[in-house]
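Have a look at this one.
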Amino acid sequence: MAKGKRMTIQEAVQLINDGDMITFSGFTIWRRPMAIVYEMVRQRKKNLHLIEVNSGTHGEILIGAGCVKVLETCWIGHELYGKVGANAARKLKSGELIVEDYSHVHMIMRFAAGAMGVPYLPTRASLGTDILNPEYDALGKHGLRDGSNPRIPRRKFEFLTDSFYGEQGDIIHVPAARPNVCIAHVQQVGEEGTVRVYGQRYSDAEAMKAADRVIVVAEEIVPEEVIRQDPTANLIPHYLVDAIVEQPWGAHPTGCFGYYEVDGMFIRDFYNKTRTQEGFDAWAEEWILKVNSFDEYLYKIGFRRLDMLRANSSYKYSTRVKRGA
Amino acid sequence: MRNNHSPAKPGEYKLIELLAVAGAREIRDGEVVFAGTGLPMLAVTLAQKTTAPRASIIYEAGSMDGRPVHLPSSVGDARCEYRASVSSGLLDVFSQLQRGVVDLAFLGGAEIDRYGNVNTTSIGGDYFHPAVRLTGSGGNPDINSLARRTVFIMVQEKRRFKEQVDYVTSPGWRVKKWPGGEWVTRQEAFGSVFRGGPVAVITSMAVFRFDEETGEMYLDTVHPGVTIEDVKNNVGFDLDVSRCRGETPPPTYHELYLLRNVIDPEGLFLGN
Amino acid sequence: MAKGKRMTIQEAVQLINDGDMITFSGFTIWRRPMAIVYEMVRQRKKNLHLIEVNSGTHGEILIGAGCVKVLETCWIGHELYGKVGANAARKLKSGELIVEDYSHVHMIMRFAAGAMGVPYLPTRASLGTDILNPEYDALGKHGLRDGSNPRIPRRKFEFLTDSFYGEQGDIIHVPAARPNVCIAHVQQVGEEGTVRVYGQRYSDAEAMKAADRVIVVAEEIVPEEVIRQDPTANLIPHYLVDAIVEQPWGAHPTGCFGYYEVDGMFIRDFYNKTRTQEGFDAWAEEWILKVNSFDEYLYKIGFRRLDMLRANSSYKYSTRVKRGA
Amino acid sequence: MRNNHSPAKPGEYKLIELLAVAGAREIRDGEVVFAGTGLPMLAVTLAQKTTAPRASIIYEAGSMDGRPVHLPSSVGDARCEYRASVSSGLLDVFSQLQRGVVDLAFLGGAEIDRYGNVNTTSIGGDYFHPAVRLTGSGGNPDINSLARRTVFIMVQEKRRFKEQVDYVTSPGWRVKKWPGGEWVTRQEAFGSVFRGGPVAVITSMAVFRFDEETGEMYLDTVHPGVTIEDVKNNVGFDLDVSRCRGETPPPTYHELYLLRNVIDPEGLFLGN
C-alpha cells in the first residue's frame, strides 16, 4: 500500500521547486532535516521563501549557499554554539536576503492558522514592539504584498478590537502560513506515511499540516502495522504525507530526541568558519559539494564521533558527549 | 559548605553565580516560570532546590515542569523533558502563556532603555541595513507581553543601556502603539489584558527595578565590589540612583554548593 | 507535594457554585464525569450554565434534575441508545431551559479560543445555516448578552472578511468559551495532578484549559513519578489542575477507553424512562437520591454487569458485552 | 457466496444492506472520508474491502483511518481507534476538515428540501418552542460545509422531503447568507472557499442527485421494487424524475457476504 511514497533523498529533493515556500520540522538546532538541506544545496535550489517559527543551522546553510530569497521567522542562530545567524545577517545587509520579522507567538499562530485552514488567527502577543511597526514590513517594502503571489499575504498584520467581551486593547491578526512544502525529520515513519515523533514535538504538527506537500525523513521506516499499535502516540496521519525517506543520523549536526545529541562542536565550527562568504563557500565545498551523499558525509564525520553522540536509551540523550567548558 | 547558609565573600564566587542567585530570589514558591536557556535555568533550578520547591518551569519548545538531572543546553534539549509533567510543543505552551498561566519570565537582551524596552533584533544603521543584525525576537516579546512579571538578565555596558533602543523587540513600560506609533503606557497598549511587565533587570553590575508610576528604571542594588558611580558610568541615560538599597546579597555557601555540585557540575554555563 | 488537591467526590462538588458555567471531558456517551454529575444532583446545584462541544447522558441528567438554566452546545442525545435529549427537549419547550445552538466546529473553536487566551477564533464552518440566523440568538433573546455576566459574550457571532489573501466569502468569529469549571473524567492522574488520557482525547485539553478551575476524577491516582516517565503521553500539566479524585468506574454508564464499555442497556433504560418529568423524577430517586454514594451505585449495578463491561486489555474495549440486536 | 459477484435478487437482501452498498459506491479509491455512526461505517468499511482499499476514514471524535475489527457503535468508541494511523481529538480532525483534507462525507438528516438543505435541529412550532426538538447540528453542517462532496442517507417520507425545512441545520445548494438572510447560491455563500456540496441523497426508496446548474434535487435511481410514482408520493415538493436512470444496483452476493460475515457479524446495525 502506498509504496510509491518511499524514495531516496535525491528524489525527495526533486519534489522541491525553485521559488517554493518551504518550512521545516524541529526547533533551532533540534531535529532539522539536514540530509535534505545538504542535498538542496547540491541540487542548487534557488529563490526559496523560508517560513519558519524559528530558524537555525539548517537555515544558515541554505542562506549561505544562496538558495534563499526570503526568510520569515522570529529567530535565527545556533543556540550555545553560535549566537547569531551570520549568513542571514550578511545577506540581509548586502540586500540579497529579505528578512521579515515576526515574534514567536506570531509565527506559531501563523502556522496554526495554516493548519486550521483559516486565513488568520488573533493574538495579543508583542503589542508595543517594532515588529508591528508598518515601516518595518519587509515584504511590503519590496513590493511583494501585491497579491500576485497567492502565498504572500497582502498585509503583515491587521489590528482589531474585541466585540465579544468588551476587552480593551488591540488584537492582532496574523496571516496564515501557507508553504508549498514542509520538510520534516522525525524518529519514525510507517511504510504508508504515518508519522511518530518522540519527545518535544515543537511546531512539527502545525508545520506539516500547513504545507501543501510533506516530505518526511525518518531515522527509521517501520512497519505500518507496528506504528499503528499505538495511534495516540502518532502525530500525522499517512494521508498527509507525500514522500518518505529513511536516513539514520539524517538530522546531524542537529539533535534528535532518543537517537542522538546535538553535535555542538560541528555547529560551532560551522559558525566560526562561515561568517564570511568565502568562509561559507569553503565550508560548503568541504562538507556538502565534495561529498556525494549523506552516507559519505557520515563517513567523514566518523563512527567515533557519531557514537559519542548516540543517546542513552533511558535518558534519551547522550551521557557520554563532552558538554560544558 | 553543603549546609552553610552564611554569605560567601567576594572572590569566593563568580559573577554568573551571583546572577543565578539574584535570579532565584525573584521566584516565589508555587509560581509558573517561563525561562530560556542558560542563566534562567540555573536560577530556576536553584530556586526549586531552595526557596521555591513548588515552582514549575515552562520551556518554550514544549516541556512543562521538567526535572532535569543534567542541565539542558537549550530549551529544545531532551534534558528539559526528563520527568516533565507534560512534554508537547510550542502551540501548547504559548497558548498557556497567552491564557495567563505564567507568573514570571526570565529573558535576556542586547540593549535596553529606561522604560525597559529591549532590543534583540538589530543595532546601528537602519532596520533594513543594520550595522549588527542579531537573532531576532524569539519568544522574548511574547513572554514579556503575557507573563505577570518579567526579569531581564543582561550584560551591563553603556552602549547597551540606551536612551532609546534602535529597535523595540520586547515591550517596556512606555511603548509605541501601532499602527499609529503614538507613545502610550504599557497599560494603555495592553488594555484589559495588561498583566504586568518588567520588574527587574539583573546585570553584570547591579539590579534595577522600575518605578510603578512612571515606569522608569532605577537602581535597586549594586553587586558586591561595584560602586553606584561604576553603574552610572555604564548606563547611557540619566539613572535614578536615589533608591539604591545597597549591595546585592551574595550567594550563600549552600547556594554555591548546589550550583557547582548539583545543578551544573559539567560547567555548562558556570564554566570550570 | 500538592497533597491538598486530593479530595472526595463530595468535597470536589462543593467547589462548584450555583450559577457557574460548567464544561466536561468526553464526547457524547464516552468518558463523562458521571460520579460528579450524580453528586451534583444530590447537592442540588442550581442555575448552571453548561457549555460543551456536545452533550450526552450526563447533560440530560443535570437538565432533568433542574440544575441547568442554559445549555450551549451543538448536540445532545445518547447515540444508539436514545436518539434525542428528551429532558433538554422537554425543558426547552416548557421555557425552563435556554438552548443556544452552535455547530460542532463552532464549539470546538470556542473552546480552543478559551484555551488559547483569545476572545474569539475565526472559522468558515456552517455558513448558510440557521445557526447563524440572528433571530435564533437564544441568549440574546433572553437579554443575557448585555455584558453583565462577564462569561457571556455580547454577540453570538461576528461576520468578517479576509484582508490577507483576498478570499471571498464570510469569515465567522466565534466567541471564546470561558467556563468557571471543567469537570473531567480521565483514566489516570498523578498525585500532583498531571493528567493522562488514553485513546481519543476528544476536546478534553481545550475544555480543561479554557476553564478557570479543573476538577479531575480518575480511574486511578498514580505516583507522579511514574506518570512523568513518559511526559509526551500526558495531556495536562499538574499546575492547571485544582482537585483530583480517585473513582474507579466513575464514568459509568458512559464508556472509558481501556477500562470499560458504554453501558448501552443502562442508557437506553434511562432514555426510555425519563421522557416525562415524572419518569425522570422516579429514575433519579432510584439511581441518585436513594443512593448515598457512587460506591453504593456501583453495588446496585452489580459486579456481573460491570465485569461484562470491563475492557479487554489488548482491544481496549469489552469483547464480552452483548451489542447489536 | 463469498466470491460471487452477481447481483442478489429482491428478498435476498435487506434495505439497510442495499443502502450500505449504494453508499460504498460513492467512494473513490484513495479518498479521505468523514463519516458518522451507523450506515456510513458500513458503507465505508464495505468500500475498503471492495473497490476502495486505500480510502481512509476520519471519525469526528478524533480517529484517522482506523481499521476496526469490530464495528464501532459510535464515533467515540474505542473500536474506531483500532490500528488507526492517528488517534487524537476533535480540534485535530475538524481543523483537517477545514484545511481541505476531506473528499467525501456521509451524513444523515431528519428533513431535507429540494436544494439539499437539511434539518436535524427542530420541527414544528417556532424555534424557541418547537413541536419536536432533535439533537441539534452535531458536526453535520461543518462536515457538509467543508468536505468536497456530501452524501446524505435518510428515511424517505413525504413529511421529511419538504419544500422548505423548518430549520436549516446543514447547508444545501441555495442558502441564506447571514446576518442579512438573503437567499444566495452555495457558491456565493462560501466564496473562495467553496469546495462542493451535497452530491447524493440515498434514502429508503431511491437515490437522488442535484442539478449542477440549479442545485435542485432530481431522481437518479429507484431501489428495486420501488416505482417512480412511489417516490413522488413520498416527496413533498415537485420532483424532477425525468433523469431517472432506472434501478439502484442491488448488492452482490459477495457484498452481502462481507456485510453479514465480516463487517457486522454482531448485527449491530444490520440486525439479525
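Order of writing sets the labels: A, B, C and D. Residues in every chain begin at 1.
Here is the rule we go by: a residue touches a chain if its C-beta (ideal position, glycine included) is under 8 Å from a C-beta of that chain, and two chains touch if they have at least 3 such contacts.
All values reported here derive from a predicted model rather than from experimental measurement.
When the C-beta contacts at B-C and at C-D are tallied, the pair with the greater total is C-D.
Mean C-alpha positions place chain A and chain D at a centre distance of 40 Å.
Taking each chain's centre as the mean of its C-alpha atoms, chain C lies 28 Å from chain D. Multi-chain contact residues of chain B (touching two or more other chains): 63, 81, 87-88, 97-98, 146. Among the residues of chain A, those in touch with two or more other chains are 117-118, 123-124, 166-167, 199-201, 232.
Viewed as a contact network, the protein chains fit none of the simple shapes, being neither a path, a ring, a star nor fully connected. Pairs of chains in mutual contact: A-B, A-C, A-D, B-C, C-D. Residues 1-2, 114-118, 190, 192, 194, 209, 225, 228-229, 231-232, 234-240 of chain A are the ones that touch chain D when the two sit in their complex. Chain B contributes residues 32, 53-54, 56, 63-67, 81, 83-88, 95-101, 146 to its touches with chain C in the complex. The touching residues of chain D, when paired with chain C in their complex, are 37-38, 60-63, 70, 73-82, 87-91, 94, 97-98, 121, 125, 127-130, 132-142, 145-146, 167-171, 175-179, 181, 184, 186, 189-194, 264, 266-268, 271-272. Chain A meets chain C in the complex at residues 117-124, 147, 150, 153-155, 158, 162-167, 171, 173, 175-176, 198-201, 232-233. By the touch criterion given at the top, residues 26-30, 53-54, 73-77, 79-80, 83-85, 88-89, 92-93, 95, 99, 101-106, 108, 112, 123-136, 138, 141, 157, 159, 166-170, 199-206, 255, 257-258, 262, 264, 311, 315-317, 319, 323-325 of chain A touch chain B in their complex.
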